[in-house]
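The data blocks that follow each hold one structure.
The same chain A turns up in both complexes below, where it pairs with chain B and then with chain C.
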Partner chain A sequence: MATEEDNTVREPLDLIRLSLDEKVYVKLKGERELRGKLHAYDQHLNMILGDVEETVTMVEIDEETFEEIIKTNKRMVPYLFVRGDGVILVSPPLRS
Partner chain B sequence: MADSGQQQAPSSAKTPADFLKSIKGKPVIVKLNSGVDYRGVLACLDGYMNIAMEQTEEYVNGQLKNKYGDCFIRGNNVLYISTVRS
Partner chain C sequence: MLFYSYFKTLVGKEVTVELKNDLAITGTLHSVDQYLNIKLNNIRVVNEQKYPHMLSVRACFVRGSVVRFILLPPGSVDVELLHDATRREARGG
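Now for the complex of A and B:
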């Protein structure tokens, strides 16, 4: 009989379930990235993350040289509720 | 319609759902609406087209930007899933 702690991945959301209480990487719309501990999630990919580092990437074009200048802003957030529709990708920590 | 009971090759799948079933465990390219490509081994997918992939490489404008051991892609971002010869 399958239990809650079943370690197999039968559907994609199992991958998220196996990452509960682990650090995850989340790629969001609008060039935003989050790294934090996954406390909870649901089928929409709404998520509660803790001790989150948010990285916002911006590309500016130098008006004279037309070079791309990539700027990243980082900030720490103790607790974050993420609405699922902004999520593009979730990656669990590397398991050996 | 006689069902031979044999393993169907991807090319002979009858519906999109049959195709998706037939490519589990195979190397694929997933393209998102943003134009970003993910190349890796398809672990599984569901009815929302949420995708779990392994050994995933992220390509932006043809350049390798990131690698993920495992990754989950939310289905609403998916433009297409393509098999690759390897």
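Now for the complex of A and C:
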């Protein structure tokens, strides 16, 4: 029991366990990104995040110049449940 | 089972469910099951201009797999409880 409580990363989900109550970056399907505090997760990567900033990126093609116009929409959500099947990656906070 | 148990504690509260087709529905959580299928009562669509076809619908069942997000009421999130439950779940496998 005690060995499983330590700070070593033995399996991929351990990395996420160590990010509990820390700010994480989550990349989702559909060019969506979340940054928020990780409060809960399970083996499906269902998650509850707090103080979440959601960024949705859209690329539009200018009809005349065919240039790509990148638009980002941001919004803040106090508490968000995220369904795991949309998750591409979870990254622990950057420690500086 | 963590999120199933958690959502059971939210029964009766108002939540906003954002679906994978971008439709967002606010309603009172009536019930939830192990697949995180949910039933909502007294629903309203967040962007009614864009999605007018739901105006007459009062209650609906949402298949868990089409949910993208659920916006939770801030007052009903016990952060410490969630941390403990998550650690317990991570140990138990």
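The criterion applied here is as follows: the second predicted complex is superposed on the first by the 89 of 96 C-alpha atoms of A that agree within 3 Å, B and C clash if a C-alpha of one lies under 4 Å from a C-alpha of the other, contacts with A are read in each partner's own complex, and residues count from 1 in each chain.
Throughout what follows, a contact is a pair of C-beta atoms (placed from the backbone, for glycine too) under 8 Å apart; a residue touches a chain by one contact, two chains touch by 3 or more.
All of these numbers come straight from a predicted model, not from anything done at the bench.
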| item | value |
| --- | --- |
| Contacts of A:Asp42 with chain B and chain C, given as first, second, both or neither | second |
| Contacts of A:Asp85 with chain B and chain C, given as first, second, both or neither | both |
| Touched partner set for A:Leu13, first chain B, second chain C, both or neither | both |
| Superposition-derived comparison: chain B or chain C, residues of chain A touched | C |
| Which superposed partner A:Asp21 touches (first chain B, second chain C, both, neither) | second |
| Touched partner set for A:Val77, first chain B, second chain C, both or neither | second |
| Chain B/chain C common contact set on chain A | 13, 85 |
| Parts of chain A lying in touch with chain C, wherever the complex brings them together | 1, 4-5, 13, 17, 20-21, 28, 39-43, 46, 48, 50, 77-83, 85-86 |
| Footprint of chain A on chain B - complex, ascending | 32, 34, 43-46, 50-52, 56, 68-74, 76-77 |
| In the complex with chain A, residue positions of chain C that touch it | 2-3, 6, 20, 36, 64-65, 67-74, 77, 79, 82-83, 85-87, 89-91, 93 |
| Chain A residues within the chain B interface of the complex | 9-16, 25, 45, 84-85, 87-92, 94-95 |
